[in-house]
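Chain naming follows the written order as A, B, C and D, and within any one chain the residues start at number 1.
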Amino acid sequence: MTHVAILGATGYTALELIKLMLRHPDVDITAVTSRQAGDHIRAVHPQLTDRIDLNLESLSTEQLADRADCVFSCLPHAASASTVAPLVESGMKVVDFSADYRLRDVASYEKWYGGTHPDPDRVGKTPYGLPEFFKDDIVTASLVANPGCYPTSAILALAPLLKNNLISPDGIIIDSKSGVSGAGRTAKMGTLYPECNESVSAYGVGRHRHMPEISQILERISGQSTDVIFTPHLVPMNRGILSTAYSRPIGSTNEKNLFDAFHACYEDCPFVRVVTPLPHTRDVVNTNYCDVTVRVVKDLVVTISCEDNLLKGASGAAVQNFNLMFGYPETTALL
Amino acid sequence: MTHVAILGATGYTALELIKLMLRHPDVDITAVTSRQAGDHIRAVHPQLTDRIDLNLESLSTEQLADRADCVFSCLPHAASASTVAPLVESGMKVVDFSADYRLRDVASYEKWYGGTHPDPDRVGKTPYGLPEFFKDDIVTASLVANPGCYPTSAILALAPLLKNNLISPDGIIIDSKSGVSGAGRTAKMGTLYPECNESVSAYGVGRHRHMPEISQILERISGQSTDVIFTPHLVPMNRGILSTAYSRPIGSTNEKNLFDAFHACYEDCPFVRVVTPLPHTRDVVNTNYCDVTVRVVKDLVVTISCEDNLLKGASGAAVQNFNLMFGYPETTALL
Amino acid sequence: MTHVAILGATGYTALELIKLMLRHPDVDITAVTSRQAGDHIRAVHPQLTDRIDLNLESLSTEQLADRADCVFSCLPHAASASTVAPLVESGMKVVDFSADYRLRDVASYEKWYGGTHPDPDRVGKTPYGLPEFFKDDIVTASLVANPGCYPTSAILALAPLLKNNLISPDGIIIDSKSGVSGAGRTAKMGTLYPECNESVSAYGVGRHRHMPEISQILERISGQSTDVIFTPHLVPMNRGILSTAYSRPIGSTNEKNLFDAFHACYEDCPFVRVVTPLPHTRDVVNTNYCDVTVRVVKDLVVTISCEDNLLKGASGAAVQNFNLMFGYPETTALL
Amino acid sequence: MTHVAILGATGYTALELIKLMLRHPDVDITAVTSRQAGDHIRAVHPQLTDRIDLNLESLSTEQLADRADCVFSCLPHAASASTVAPLVESGMKVVDFSADYRLRDVASYEKWYGGTHPDPDRVGKTPYGLPEFFKDDIVTASLVANPGCYPTSAILALAPLLKNNLISPDGIIIDSKSGVSGAGRTAKMGTLYPECNESVSAYGVGRHRHMPEISQILERISGQSTDVIFTPHLVPMNRGILSTAYSRPIGSTNEKNLFDAFHACYEDCPFVRVVTPLPHTRDVVNTNYCDVTVRVVKDLVVTISCEDNLLKGASGAAVQNFNLMFGYPETTALL
């Protein structure tokens, strides 16, 4: 039995994580923390009524170390690294949902996230929690940087093709469409129901923080400098991301080569499905799957991938990483 | 040409009002006010880009009197009466969207809304802006209490039947379903997209402030003490209210009697459609119509009515009242 | 290991059933049938890609008996009884999703469903698959009538109060709101996306076939003649039913009595949660829970209950029944 | 007063057209046709109850010529040209919503639409009904090819930049997101509510018939061979299209040049709004506006445009064309 604590337990990713962990036969959730300490967790997540009996608490590093073997941090960036660093030092294993340990260096972090990084030494040395490409590192890690939701969908569609030199690493365009839960659970006018419903819009064009994450991880995987343009869009649905990426084929690349690369790459990956029909987010929502497909259109390669942003794009991936870190079968609690 | 000013212009009802007024051939919108004074109105309502060129302002009674012949107040209750009273006294005509002048007496107001009424003398003497029943009063009024969204749908379905003694005034149950725009445009966690989407819930059971409004206005129309129970529900859509009301027939009431009463009552009412098929909110949304129908089921009368909560339930009714107060044809800008 | 076959596997309830059964440690799905025999199941349910490897087949009673210990019939009424009767006779256990065995007698069936009942002898003798009230019968049954989606939500909210003589069995009004998946997966103009989206409507007022099911089962449970009026509404969401029921209290019934009755009745029921706050369908969707609460408003009792129409209202209940029929823990595959 | 007839009046575009025309002071709708001849139009469009009193009819060319000065054809491709050709020959003016007269030659038509063109002589000689670029031709035309919904959004965003040599005509990528009404009002499983809701998907990748329309019209406007890749996506909302297009800047193109080109091009166009903030479809839905903006991201030009697919993308454009063809102010009935 592994004891786990969840930091920042009031948001959507924490709720999904708790629901997954309640299905995990070898896990006991022993603490949930929040600035709203004192409330029972069912007060913020009525779905959990009768399913878990914990109050939200405010806990020190020592208290967490007493209670848990593993900590999942759903705290915002910067706050997360500040909290997580001493936990790692005290010997706990940590899955960090924030962006604090995803980028390759402190300079990138400070350029895209601002401020000073609270734990610069671990930046660039922390495994990126995408088991499809970094499983060996994850298995032995005490700290894993859980990937961003958009990056997961983009990287899973592009990395096998880049790695196999089937597409050019330059001028890749990623046009992503996400449900609204990706914007978090904070009261903001822009995500009120009547503002988002029956509307599509682009946001953060050319400025979204997942753009450098995508290109840096694609570089890490493919070993070549990669340039991507990323445009996220908000779509009126709760969950799901679909990423349509446009890249240029190298040489005589055809659809068969591309599918072959996908199949070879994901043969042993339980949560990536290489599909022939065009995928719909409805078929991956509430699962940990990412569905990927590819088409050649004129002189372009069009890849399409989709996932549940809260599962494979967040909490499902976190459980996958947890399973690897603690020696459980990778799919436990995820099927 | 009538000059109009709109107070509290940043919300959903104000936006609809402005859009209607832009279609009114004899109206010039001369001022829009808000605590966010300074911004161009297109900054808060991008829909209005290139359609109206006004900044949000903070204006005194005198400034409003200089600028406008008619004021529409979309301010919250209490704030509205405080602002509106001096405007009426300075000779302006006012349509008040708040609940401040809807109830029959100050005691009711203070019971349901709390606080002290800022303008008690006009309470109980202000016409209720439902032209289908109070047209004569509205035509000569300088102040009109624009009805609540739920009450309009409930009253239009029940008043003709009560007035004609076809149903009992006791034990009427009104079960209403509303889109989320009715909850306003303020950032609250409860109306975030992922909280409301794909979910239905009841709220304010037995405690909603529209309950006394419905029963008091039904009494005013039918001349008999009326007792209603009102349960509002939130439904995942932007606009529209559907009210299903259950009452007991008197004597040998049958569907023909009920439809006859509807037809007789609404013969000259351009915005109430007595329909035979069961109505859908999709067919009244973006219009000023209220569709009503009725069925006898076992020993109960079931009326069903629907409207756009922002139009017939708010801004459309306001324009209808405005047209009557200023001598324009009742349907101007509304078809 | 129990071998199960699913008849009529192309619809929404069958899909949910398959997904649940894939989580059941002691179940092997050995056949899925359909008139579309020949296709792989992933062609009609892309969600199941890589999760189950079966083709849709057309199978005789004998073939089914060879392949399965238990059959779930998702066939339409009449077709279901015709198919199910010989299966039961050949010794298989059957959970029937159709309405064929839910009503108390053939006369009711023929009044509400028309036609001649294909298996009249089992009508009125088949346990109604609501384990909260009929567990003993289910445990020993070879055929169970899985409840209708609306009846489950209504009965769970009303039965404990009727049974305890807290509310009158006369004049009960049930106003239900359902997501669109309840209308099935057949191409019809009325359930096209643009027809349902952003709209609420009532349908089948006074004529819905779940009305007699609700009153007959309430009678069976409470032992007294019960009269209900049932009005279903279609709400723009995929899944979920919320039922608001209005009844008259008997004697000095108060909220405490009502909650006490709920708590006493559901103490040992793992899938009914008696909740204090007003429930939202979002908190039960994708679960097998039904959340119930109650309020006294003036001289009425208002109960509110909600469930996922495809789970507790269909496939989740079916698995619960299956677990009981085969001696598995009631909650297996359902938490 | 101009008399107009609408062919194929049961779909979504016809409904919007009728609603617009009911606001047109100089128009009388004198006939609506359909294969469902006999029904009152309110039976298929309950929104029109009490607003227009016409039965659906089946009419010959002669009967149409007797009744109407102008015909709007909402018939499917091929059927439309067959019906429209004799109407034009009999001297009527026609706005054709189908694709029959949009492409430059019969070869393109037959490649993308199949079959034999029923009226080949008018192909390539019919004005394309985009008044922003072809007003002079439209004014004098007896037949106008009303543009496709996707092409309008894409062309309005790209044409001014191509025409001014600010972007390269090669390798333009158009990634569009559309509401479901674009799929029409025919019962198909793929557009059932539960299939589309809470899901995004791409469709027709590399094969959509609007791809050649976009490139051919961009060529007609810019005078240079233009190559586009077009990927449509279905988004869970009723109405609205947002097109995100990626192209390569020529020379020292910067955002200021791009906005200048937009402003110069659309200075006198009442229905194209050049906006600075990123546009949302919610702000153009139910209007005839197309909002366009542009960003330079790294070495790409990203244009974003949005419109209501049923208005500026169909019926609004048709009314705009009608106004020009009959000498009414371009904006009549459209503001």
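The rule we apply is simple: contacts are C-beta pairs under 8 Å (C-beta built on N, C-alpha and C of every residue); 3 or more make two chains touch, one makes a residue touch a chain.
Here the structure is a predicted model, which means the values were calculated and not measured.
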item: Intersection of contact partners for chain A and chain C; value: B, D
item: Most distant chain from chain D by Cα centroid; value: C
item: Computed distance of Cα centres, chain C from chain B, in Å; value: 40
item: Chain C and chain D: spacing of chain centres that average the CA atoms, whole Å; value: 46
item: Shared interface positions of chain B, touching two or more other chains; value: 179, 195, 197-198, 236-238, 279-280, 282-283
item: Interfacial residue positions of chain B with respect to chain C in the complex; value: 171, 173, 175, 177, 179, 195, 197-203, 205-206, 227, 229, 231, 233, 235-240, 242, 244, 246, 278-283, 285, 295-300, 302, 304, 306
item: Chain D partner contacts - residues on chain C that touch it in the complex; value: 12, 179-181, 185-189, 191-198, 236-238
item: In the complex, chain D residues that touch chain B; value: 22-23, 46-47, 49-51, 198, 273, 275, 277, 279-280, 282-284, 286-287, 291, 335
